[in-house]
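Across the two complexes that follow, chain A remains constant while its partner is chain B and subsequently chain C.
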Partner chain A sequence: MKSGWLARVLSNILGVALALFFLVPMLWFVFAPFNEHATLSVRIPENFTLNNFQVVFSNETAVRSLLQNSVIISGGVMVLTALIATLAAYGFSRGSLPGREIITYILILFSSVVTGTASLVPIFVLIYNLGMFNTYQGVILATVGGMLPTSIFIMRDFIDGLPRSYEEAAMVSGASPLQIFRDIVFPTLRPGVLVVAVMAFVSGWGAFLTPLILIRNASMRPASIAFYQFYSDEGSPNIPLVSTYAVLYTLPALLLYLFINARYGFRFFGGIKQ
Partner chain B sequence: MQQRTVLSRPISLAFISPAFILIALFLIYPFFSIFSMSFTNQALTGAAAKNPQYVGLDNYAELLDFDTWMTRGEFGSSILITAQFVLGSALIGQAGLGMSIALLFYRRNDLLRHLVYTLAIIAWITPDVVIGFAWFAFLDPNTGTLNNILGLFGLPAQDWLLKFPMLSIIAFNTWRGTAFSMLLFTSALSAISPSYLETSQVIGASRWQQFRDILLPMLHTTIATDLILITLWTFNTFTPYLLTGGGPGYQTELVSIYTYRIGLQNFEFGRGSAVAVAVMLINLVLASVYLIVSRARKTK
Partner chain C sequence: MASLNLTQLRRHFGTVKAVDNIDLAVNDGQFVALLGPSGCGKTTTLRMIAGLELPDSGEIKIGEKPVTHLPPRDRNIAMVFQDYALYPHMTVAENVGYPLKVRNVQAVDIRARVNNVAEQLQINHLLERRPSQLSGGQQQRVALARAVIHKAQITLYDEPLSNLDSKLRLEARAFLKHLQREVGVTSVYVTHDQAEAMALADLIVVMNDGKIMQVGSPKDIYQTPANMFVAGFIGSPPMNLMACTVDAATRTLRFGDNLALQWQHDLPQGAHGQVTFGIRPEYVSIRPAGEPGTLDAKLYVMQMLGSESLIMLHVGNQLVSARLIADDLPELPERVGIALDQKRGFFYGTDGNRLI
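Let's look at the complex of A and B:
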């Protein structure tokens, strides 16, 4: 490259500016949880304390929401979305269905609109009639339904880029479609499956409106709603406790990402693109 | 390219069926339910709650009443606000910034790259509720971080959400969603063989020429995919509600927030459904435009 030192310095300054742009709005969460008198401003606490964490962990409902309810809901969403989307994307990619391009696009359209606020009324009625009101399954299935089109769309990109020769060879030697899927396609697709799984987990972990409407029982609600445990009766937040709970709530999604990134690298599209 | 089939039609249908059942239940059924409700005056309270009446196209006529529809807090106005929001935060903000980051760190693998990528991804995967708090604190008129930083440079503090609400939510959504475009463009760029760029350098192409004549044509399907997805997501996002609640004075009432207010706060299900159907049609047009453009370029 002919770029001289000036270009290199400029691009580094730009890079640092970008890092600050993404960092600064989150900086508050680094300090506020360790300050008993935290306000909305970023301030290094004078008396570093873990007291906020102690108070948060003594709130039984908040802890159960975080460690049990949110884990069950987003874990279920993750497993079901990854599995069902990969199966469907494989069917779309390797089958000979007419109009599959159009179908995928229409489904994406559906999902982007129908997962919006308007559809919560019919979804509530449906879940109620299926006897899944106030259950984890109801929230999980409704969330998976909304995630599927985009996940199938992303998985298809991965599968379309995969050479068919392995599958054809396996077919010739007499493997069944399910065996081919389990032993060849799914393992080769690991990077793609991980992208979809992480997206599904993050989406289930962050879901707010759907569980708010489909689960009435406070002891079953996920962490996204349990924030209200730390609001006063007049509806104003206890800032030190809310910031502490927010950090605890964000951590699992973050750690999952960092783990997968370190282990496999988080990227789009398969490795063996033709 | 010749397409060979690995799966017979019944077996490929079997692979698709679990997805089909869930999509039919939770996407297609709600859609038709919304569609049929949009021709009624269904509501949660009042006389219409027990005996909803068929009202034909009344709900639609009300939405498209051209005397009032551009008034703040009406349908036309919310569509216009959403269009500005999509243009500013998705097309210019997320796609532009995502592409810039991908190009800036093209074939670099240093600490700064990892830092920028990790921070952008943290902004992307942190749950909505938490991000809402973070930006609320960041933009706070009295002690917010943004005003504190401006204060260091001698600039006056602002009540951002009150004075520049639209700019605030555009910056917010750019910050929030850039990681997706960044990751998509980065992986597409890494799939391009470096020999193209090396050859062009030998014959003296400038950076801009390399981008325009080599990278851009090779990336156009990725760009189309990216623009379709982020336009649709941004068009329907509800998260800015956490910052502004659609205000002040409906200035940031995106069409998703408008739908929420009509359908789930005022509980006018019929009218809310009509809005949802209208939004669906707009999305259809948007996606079709991109689809046609990307097809046209592919066949060229």
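Let's look at the complex of A and C:
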């Protein structure tokens, strides 16, 4: 079995190489913020310092971007996407709209063909004409629009997996449509709503191009753009500060994910466990 | 409690006539079973009474009040679903109390009523559990509790016992009958299990192809089936239905070559020529071959069913079953005679209806 032995060694070497490929940037990410003279190479800080954090926190624009602008934009995207996707998917799943299957798939198709960079110019024109240029709402709406097709598709799967008899039992019990949605449908769909909400939050948090073209005021731009605060006038980054800001920028999304996973657990498929 | 009246109720799905102009009157406090094979329209009828399905035409009245187009919540009904439909995110107590909660009953009163009903249904030790932590039989009782708690005018049951195993089903059946006697609410019960319908109902409605085939007490339905469908559907095994030629003048029944029988009683109107003769297996008895007044038969199979035996025989080219109360299979020769209890025989015309 000589060839088997060789294959195992090779696959282990490949595995280690892959692991290093992904691990090294992570290590840099952990070490660089605490090193006053960080470069692009991975190095354990010789003189451990929190000075970088001090400098970053003293930059008012960067702090506001992180704690205010990004929070407003991502929070808005999250709430709006979860709400609209749930209601729309409910209609798609339960309603008797003719051709709803086709509509759902066209939505998905369009979202994967016409998103992002290709649609930036029309989005800019649209938002500008709606009078929402340089506002949070403009960025929120544009991002929500991009998120909705996938979110509706995911929510529809969850709702399709929800037995109709739950709603019917509630109807017969005397509940109004609003009560049914609040007491029965929404709570049983919560795993799906959470998946969509977190996806939307992360997408809003990480959005770069859309806020870049839709918001002109530096004081209103989200953290993803505020990184430029730590670039010199010639356009070269101050690596210790950029890495520090990157850590701060990553934390909220990470914490949100950990919190929801610990509290509710994630499920990426529909259906009710009986 | 209230009476229930369906008038010319109709619901078609495309070309399928799920429910085809049915009329039904249910008295206050009656327990009615809708019985029929799958696809006969019994569930659609039930869902129209509940308001989960709207009829194409016709009228539904609960008490004196027409409810045909009212949403379910305005009908004051309760329903037990086949899958129980217990809300998975609520405890048993919350599930049972939900019909009261949506009626804005005070939390203290809900608690009291839930405890009360839970005691009646013997689920008080389960109140803090979730549906996923209950056995099938327990889930079924919780669903019943939720249905009786708000004292609806009519309770609807959609095959509520079909998800239980056979032992539990018998228990649940007895329990349901007991509960019905205590609560006494007008009930409509959908089932495809005739034993269940027989055991529970005051009135059985046999349905087929969206039409009502017969309405009657369990005894009526069993002993005098109005048509060949009911005769062939009710009973296990069902009634023997034999093609037969009647000569009314000589009162002779002919089941084939050399298979003639002299009829001792008056023949019903129209029993002449080609008819179908029906008789239940318990009224067919086995005699020695060639005995006068019997038909020649050839043994096909014998089945021992515990307290009784089922003997299947060929009479000419027709299969006939006979039921014997016996502890053991009898020793029988291959050729025997069969005697028919003539008082228990029926004639069905070419349209399938019983000739009277």
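We adopt the following convention: the second predicted complex is superposed on the first by the 245 of 274 C-alpha atoms of A that agree within 3 Å, B and C clash if a C-alpha of one lies under 4 Å from a C-alpha of the other, contacts with A are read in each partner's own complex, and residues count from 1 in each chain.
Going forward, a residue touches a chain if its C-beta (ideal position, glycine included) is under 8 Å from a C-beta of that chain, and two chains touch if they have at least 3 such contacts.
Just so you know, these numbers come straight off a predicted model, no measurement behind them.
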item	value
Superposed partners chain B and chain C on chain A - clash or fit	fit
Which superposed partner A:179 touches (first chain B, second chain C, both, neither)	second
Partner chain(s) touched by A:85 [first = chain B, second = chain C, both, neither]	first
Which superposed partner A:163 touches (first chain B, second chain C, both, neither)	second
Touching partner for A:188 - first (chain B), second (chain C), both, neither	second
First, second, both or neither for A:9, with chain B first and chain C second	neither
Touching partner for A:218 - first (chain B), second (chain C), both, neither	neither
Touching partner for A:171 - first (chain B), second (chain C), both, neither	both
First, second, both or neither for A:123, with chain B first and chain C second	first
Dominant toucher of chain A (residue count), chain B or chain C	B
Superposed arrangement (fit on chain A Cα atoms) - minimum chain B/chain C Cα distance in Å	8
Touching both chain B and chain C, residues of chain A	168, 171, 273
Of chain A, residues touching chain B in the complex	1-2, 11-12, 14-16, 18-19, 21-29, 32, 39-42, 84-85, 87-88, 90-92, 94-97, 105, 107-123, 125-126, 141-142, 144-146, 148-150, 152, 157, 164, 167-168, 171, 177, 180-181, 198, 202, 205-206, 208-209, 224, 227, 237, 242-243, 246, 249-250, 253-254, 257-258, 266-269, 273
In the complex, chain B residues that touch chain A	3-9, 11-16, 18-20, 22-23, 25-31, 33-34, 37, 101, 104-105, 112-113, 115-116, 118-123, 125-130, 133-138, 140, 142-146, 148-149, 175, 183-184, 186-188, 190-191, 201, 225, 228-229, 232-233, 235-236, 238, 256, 259-260, 263-264, 269, 272-273, 275-276, 279-280, 283-284, 287, 291
Touching residues (chain side chain A, partner chain C) in the complex	163, 165-166, 168-176, 179, 183-184, 187-188, 190, 272-274
Chain C residues touching chain A - in the complex, by the definition given at the top	50-52, 71-73, 76-79, 81-83, 85, 87-89, 98-99, 101-103, 131-132, 146, 150, 156
